[in-house]
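Each of the next two complexes has subunit A plus one more chain, namely subunit B in the first and subunit C in the second.
Up next, the complex of A and B:
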């Protein structure tokens, strides 16, 4: 069955090669979209197989685990792969309207597809060193996407993004190397037993902390997030949309995987740190957003505060909390990408992303205004949208534990999120344009209008659907959380029944 | 021998941190290079330095003696060196580009993405 696991990784890379060979022509752009459609089909297939059989694992090259590289998909991995494919398709279509021939000729679509391939690989691998390699693949693609076009502002953002991410990478490598030296294995399922059996638990906790810092830097948690608001508002809108949706979530995914599967020996220590980190991440992110007046900068800071909720779910480590974290992760990717895409349309219509220099969108582009309300209120946690259920589960889980402070902070951050969203609403949509312009969607050329609005509408429909029919998604997240907290099925699928 | 390599790795990392704390992008990059080399050495040492037989099976298929070298850390290292080289090349190109854009390499004065409050 390993081709089901390999296809979602292979398709983006094949598409990347095609898009690179055909770059600059319309065929190259369309190859990227076609590849994204095929990726989506492969991801749906993977989810269907996982729903049918539970955890599936495949050994690359036929080398048995723990010696070979393992690809493995449980509920969380499969869902992440599917959501990556959805975002990939949405942004690939949206890019057609924004990415001009110049960036396209420089290989935008090839870099975009290899980024998706790297992200998918990171979600599917069952080997710690292989995870490092996928991190590198997505990192180098993201570097290219960040500087494409070469504007001064983007170069400035890239300097900070590149340097801080490279440090995180080296830390990850060091952690993986030391872990191998101490346990003699890099297979994540095998590491669970090996770490638990290690005589030197202090050393294991030390390595856990190294990986926590490395993944935390990728996930942009407090106090390691400074590269994110420095860079996410600088590249093309399509690039920042896919970054906002997927890149930090790879870090969160890695944290969730490693701190439920491998490092569970000293939860009182590691997860207590995660708890405080998550609270401070939520607060600093939302307060940082309150101080900004640029559409994309506000959204960038909100990525940070929302990451806090996901890490919080992991830190509480109860079935309900981890379920909330999984659900939050899935809902958030859709919402955040959509908000960046809407910011891109707003920029295109009004000519600026500075909230004080734009306005009037509610009167002149009511459709865009209505579509902004959906993800914005979902982000803040209004019922009945998807964000409400995500926040509800996390707050409920913290109340179950009697963590009043945690629940209070989570609710306060939700309130402050509404404040920022209201600010965007009031400045960009409600007030009249300071120069009296009437920016309407009809001003866009028809093709660009469709390419930009269809992905936004599709993602908004998904947000509403998750909110309106949460039980199916909550059940799925519950199953995912069960697998995370009791990885017996995961370990058995990777190593075979005998070594369970 | 492991102790010596571990100390060398620590020395490289400390020098790397010293260089990376500088506000100059070029020095930072040199620091990063030293840091990744320090980490590479640490991985080599963590995999035990085993001066033994090469880890190859003979034609007879008999298992090699216990003293054979552990090949995996070296394979990991090789991967890490190649990846590190690629990333460093990109970072260097970015540095040149940043120098052309800004005319200097002082990261504290690169404020085009994050303007200072009073400007």
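Up next, the complex of A and C:
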């Protein structure tokens, strides 16, 4: 069982080594893509096993829980691993067209694969300290990827990113240390019982808040989001696409895991804070986006506002709301990555990412325009696309609780999202190019055209498919939410194995 | 940096750092220590040398590209974890070879991999930073 859980983590690191040794040659690029394909296969296998048997757990090194490092996959983890592999493959292919030999030689593909390995590790680990280690792996690889663009602006963004993330990481480490001192365990399943049994509940709430701040900073929630718009518009487009899709979601995932599994002792306090944080995150993100005029900056601010919806689902803590948060998480990763990839193609065709300096894409590149509409309207929550169901469930859950204000804010933010998306549409696609250029996809060399458009089309098809056949995905998310809210199966899978 | 004390001292200290890092690496199995902290100490030795003699000299003294050291370290660590598959055990389970008083294991191989990965990664970062600043 352990190998099914370990392979999705190991494959990216093996790929990273191969890609580094073959760097600079075409083989290095292909090794990265081939590794991504194998990762996808391993992720599909993991999802199949989880669908078949429910929560599965494995012990690294044969040391039984709660002493060794546990790997666990429930529905949420398995789905996150699968989606990481999908995004990894899509961006690995897309990178072939964008990443030049210079960045390749510096080790772009190796860093990219290490990042995917770190993200996968964070989704699969069942140990709080191990989660910290994966956060470090993520941080180091993402720092490398940010800098590899090599321009001054990129270094500026990277320094802000790393400094703020280091603060979050130190806070996380301090919280984990306190928790270990107070309970004597860091195995997450074991912590559930240990935290509930702790005589000092005040200290537990304090630790919960330390972790909330640490994960909140990683997830870019209000008021700790400012590193994100400062850094996401500087690196290669492929890099910002994978960051936009996956990095903040690791923070959201960690929040969801810790605040459903471990810290549920004082929900009235912790989840009330999460609720207000999520509302302010939604609002500030969407208002920040309205003030921007750069393609990637608008999209970056929208990441923040969308994170708000996911945290909102967690804060409401009803089965329907948590299900909405899970569904939102999965839908959002696909949509957001796709929008950044489209922004990259638009930049390549028009020569700029400033919306006021570009235009004419609708007339000369209608395919790109059609492909932009799908994720953009999905983001805003238009039926029948995936985002509609995500928002529908969250709003429905808040109305069920009688939280009229919450539902109102969620709907208002959806409306403002349309404003930003139509702004991009009107400026980049609809109006004529200010210099009279006719940017067409045919301008790209044929190989680059395929490498860039196939991932975008594939992700758009997934968005449409989730929207058109939501019941299968909603069922899956419902099962995931049930496991989160009643972690008996999770705890039994981890600790039961220890007593085998 | 032009300091006679530093540049003379660094020549001795770098060697001592490396020796101590190997000591920490090897004692790490049952006592505090191990690959991660050993790698940091070893890297600190070369960082000190680069302060005293310049990055160029430090690179020459290292002989191998630190990035390659880091990646090979990662490869060794991953391979030592995969070895347990051959024995049909959980990933990263230690396999032991006992020769009289000498106990060798894949755990040690893993630690050496971690040592090299940390050593290479830290030196890559520090050298790159020193060259740009």
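Assume the second predicted complex is superposed on the first by the 496 of 500 C-alpha atoms of A that agree within 3 Å, B and C clash if a C-alpha of one lies under 4 Å from a C-alpha of the other, contacts with A are read in each partner's own complex, and residues count from 1 in each chain.
Definition applied: contacts are C-beta pairs under 8 Å (C-beta built on N, C-alpha and C of every residue); 3 or more make two chains touch, one makes a residue touch a chain.
For clarity, every value in this text was computed on a predicted model and none was experimentally measured.
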Broader residue contact with subunit A after superposition on the shared chain, subunit B or subunit C: B
Contacts of A:157 with subunit B and subunit C, given as first, second, both or neither: first
Partner chain(s) touched by A:140 [first = subunit B, second = subunit C, both, neither]: both
Which of subunit B and subunit C A:17 touches, first, second, both or neither: second
Touched partner set for A:58, first subunit B, second subunit C, both or neither: second
Partner chain(s) touched by A:110 [first = subunit B, second = subunit C, both, neither]: second
Contacts of A:280 with subunit B and subunit C, given as first, second, both or neither: neither
Partner chain in contact with A:6 - subunit B first, subunit C second, else both or neither: second
Common interface positions of subunit A, toward subunit B and toward subunit C: 140
Touching residues (chain side subunit A, partner subunit C) in the complex: 2-3, 6, 10, 13-14, 16-17, 20-21, 58-62, 107, 110, 140
Residue ranges of subunit A touching subunit B (in the complex, touch as defined): 129, 132-133, 136, 139-140, 143, 147, 150, 152-160, 162-163, 166-167, 169-170, 173-174, 176-178, 180-182, 229-231, 233-234
Subunit A partner contacts - residues on subunit B that touch it in the complex: 20, 25, 28, 32, 35-36, 39, 42-43, 45-48, 72-73, 76, 79-80, 83, 86-87, 90-91, 94-95, 97-98, 101-102, 107, 110-114
Contacting residues of subunit C [partner subunit A, same complex]: 67, 71-72, 74-75, 78, 81-82, 84-85, 89-94, 121
